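You will see two complexes here that share subunit A, one where it goes with subunit B and one where it goes with subunit C.
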Partner chain A sequence: MLTVENTKAWLLRFAEKVEANKAHLSDLDSVIGDGDHGNNMARGIKAMQEALESKEASDPADVLKNASMALLSKIGGASGPLYGSAFLDMSKQAKEDASDVSAIFRAGLSGIQKRGKAEPGEKTMVDVWHPVIKALESGELTTDTITDAVEATKPLKATKGRASYLGERSIGELDPGAVSSSYLFEAWLEGED
Partner chain B sequence: MSEIGIVLSSHVSELAEGVYKLLSETAPKVSITYAGGTDDGDIGSSFDAITQAIEENEADHILSFYDLGSAKMTMEMAIEYSDKTVELFDVSFVEGAYTAASLLSGGADYDRVIEQLKPLIIK
Partner chain C sequence: MKKIINQPSQVVDEMLKGFVYANDERVERVPETSVIVRKDKKKGEVALVSGGGSGHEPAHAGFVGDGMLTAAVSGEVFTSPSPDQVLEGIKAADQGAGVLLIIKNYTGDVMNFEMAKELAEAEGIEVEQLVVDDDIAVEDSTHTAGRRGVAGTVIVHKMLGAAAKRGLSLKEVKELGDKLVPNIKSIGVAMTAATVPEVGKPGFTLEENEMEYGVGIHSEPGYHRTSIKSSSEIATELVGKLKDAFEFGDNEHYGLLVNGLGATPLMEQYIFAHDVEKQLEHEPIKIEFKKVGNLMTSLDMNGVSLTLVKLQDDWADLWYDPVHVTDW
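Our next item is the complex of A and B:
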């Protein structure tokens, strides 16, 4: 069940993780992308933190929508519209039913796929969202699920996004978007303890 | 003034401005607005700048053109939030926008513009 309080607390934990790993995200991105994922995400989550603290929210859907707008406006790279779509569609689903967290995350995934047109196996953030939601739906989500999903992007060859220009050379590297998405889910799990 | 306007979205402000300059010369009767780069002037795309380009365009029916993937995705989000009718074309950025601008300025109707854009679809 999402509430205003636990949704805010979750997203603030996500923000802390992104901030703490900003350099790591940019390092990963400099190998297979344009090296800006850490800075872009940090700029976005800073705006998100400010929005969460300053904007009124009467339900968890509002919290998610405020996060969506901040990320969309401030990230500046491809992750902006991707996370923006994810949070916007999670917000719409939370408006319908805030009690079903799996359905909310599933709506987020479909938002990402609608925007980025990626399928599982293409070395993108979808490769974390997809298995994590499956595990959540069957009540088996653990930190290992998340870590394994991120690690599983390593042997994949990128066929979507900027890393796809590298072709074979993308094999053996982690996908930065998959890593930043893992922070979102780790932050969620920490609130479930 | 043409009833249909054009919005350009690029990762780089100079690139957006350059294409705008090119189009303006050939199409003085078309409202053309543009957004390039992030809010901080870096390379990327800005939802707010694209939204502003859509809203400041004099037309309510807009044909939009972009350079690369995230400019497209950000444009799509801006379109979702806008009340205007904005169509996005997966055509070559410069040639596509130039073709549309020239045709609209010359008084071509919508169907003819769409027809001429079809062979320029590259992405």
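Our next item is the complex of A and C:
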């Protein structure tokens, strides 16, 4: 069940993790992308924190919507529209039913896929969202699921986004967007116990 | 990193302020945004809006003005602007005849501009989009995000800007663009990578005696790393690639751009242009127009790119139509 309070607390934990790992995310992106993912995400979550603090929210859907608008307008790059769309669709689903968290995450994934057209296995953030949601739906989500999903992006060859220009050379590296997405789910799990 | 800057996080805002200071007879900045728009808007003309990450100057703000772009939207360095910024660009540019978005083919740019298009349409503005993908260093297959948009985008700005000024409708300008883009192909070479101010070090390292063919304008990897070659050998390679891609035929007409990537002196660009000329002498094609200079740069990357456009109809006339922008 999402509430205004636990949604805000979750997103603030997400923000902390991104901020703490900003350099790490950019380093990962400089290996198979253009080195800006950490800076992009940090800019976005700073705006999100400000929005969460300053904007009124009467239900969790509002919280997610405010976060979506901040991320969309401040991240930029490929991950901006993707996180923005994910949060916007999570907000819509939360408006319908705030009690079913896996359905909310599932809506977020479908927002990412509608915008970016990536399928699982293309070495993108989808490769974390997809297995994590599956595990959540069957009540089996642990931090190991998340870590394993991130690690599983290593052997994949990128066929979407900037990393796809590397072709074979993208094999053996972590996907930066998969790593930033793992923080979102880890932050969620931390609120569960 | 040696750069004439203040805070690395402020480079885009401060650059735009300087750009407007230098060119305020022609352009203005939409307050609170990264949008540069022409001052002398023409009611009833189709508006052209382009943009993308910063660091490619003079693209795109340097091409805002009569006969080219109506507005340009700048993102952070090498990072696409967000949909709300592009939306501001669309609103500022609209002259009542609809807006064409000219997008370089990068996942981020395409998604952000597309979202902006949806937002603008919801506000009742007619918007079309055109994605430019001229970089033949990248294979165009389902295994990549497709060919990247590079210096050839400037040709699209020029020709479609002329078409819009001649009074073509949004639909006609878009159709011309759809015909034009597949006829533009580019290929580049880098001696050094660019240093993004917020990163502080080059995007990749090339040894003193190395260079790389096919590098992208955000330091995306190329197709071949080799020891340094002479201008003439580089011209042979790049012309060869374009020749294969176009399959040059008798009596075909082309336009040509030699584009500096940021840190290559004009002297070297002209030396290279001369070598391109010598290579093309052996080919059956005719070059109708050429341009040499820094058009689509990559910050301080040392390198050049070569673009050819295969001409049809009155495209050469569109190229020669008068234009009043900062960097032509």
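Here is the rule we go by: the second predicted complex is superposed on the first by the 193 of 193 C-alpha atoms of A that agree within 3 Å, B and C clash if a C-alpha of one lies under 4 Å from a C-alpha of the other, contacts with A are read in each partner's own complex, and residues count from 1 in each chain.
As a convention for this text, contacts are C-beta pairs under 8 Å (C-beta built on N, C-alpha and C of every residue); 3 or more make two chains touch, one makes a residue touch a chain.
The structure displayed is predicted, hence computed values, not measured ones.
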Checklist entry - Aligned on subunit A, subunit B and subunit C: do they clash or fit? => result clash
Next on the checklist: With both complexes superposed on chain A, which partner does A:Thr159 reach: first (subunit B), second (subunit C), both or neither?
Outcome noted: second
Next on the checklist: Going by the contact rule set out at the top, does A:Gly191 touch subunit B (first), subunit C (second), both, or neither?
Outcome noted: neither
Checklist entry - After superposition on the shared chain, which partner residues are touched by A:Gly167: those of subunit B (first), subunit C (second), both, or neither? => result second
Item to check | Touched partner set for A:Gly35, first subunit B, second subunit C, both or neither | outcome: second
Next on the checklist: Applying the document's definition of touching, compare subunit B and subunit C: which contacts more of subunit A?
Outcome noted: C
Next on the checklist: Output check: A:Ser26 vs subunit B and subunit C. Expected answer is one of first, second, both, neither. What do you get?
Outcome noted: second
Checklist outcome for this item: Clash check vs subunit B: of 168-176, 204-212, 222-230 or 276-284 in subunit C, the offending stretch is 168-176
Next on the checklist: Can you give me the overlap between the subunit B contact set and the subunit C contact set on subunit A?
Outcome noted: 36, 40, 72-74, 76-78, 80-82, 84-85, 115-116, 161-162
Checklist outcome for this item: Given the complex, residues on subunit A that touch subunit B span 36, 40, 72-74, 76-78, 80-82, 84-85, 115-116, 161-162
Item to check | subunit C-facing residues of subunit A, complex | outcome: 26, 30, 34-36, 39-40, 43, 72-82, 84-85, 115-116, 157, 159-162, 164-167, 169
Next on the checklist: Taking the touch rule as given, give the residues of subunit B at its contact with subunit A in the complex, in rising order.
Outcome noted: 38-40, 42, 44-48, 69-70, 73-74, 76-77
Item to check | Of subunit C, residues touching subunit A in the complex | outcome: 53, 75-85, 106-108, 111-112, 114-115, 138, 142-145, 148, 196, 198-199, 203, 216, 218-221
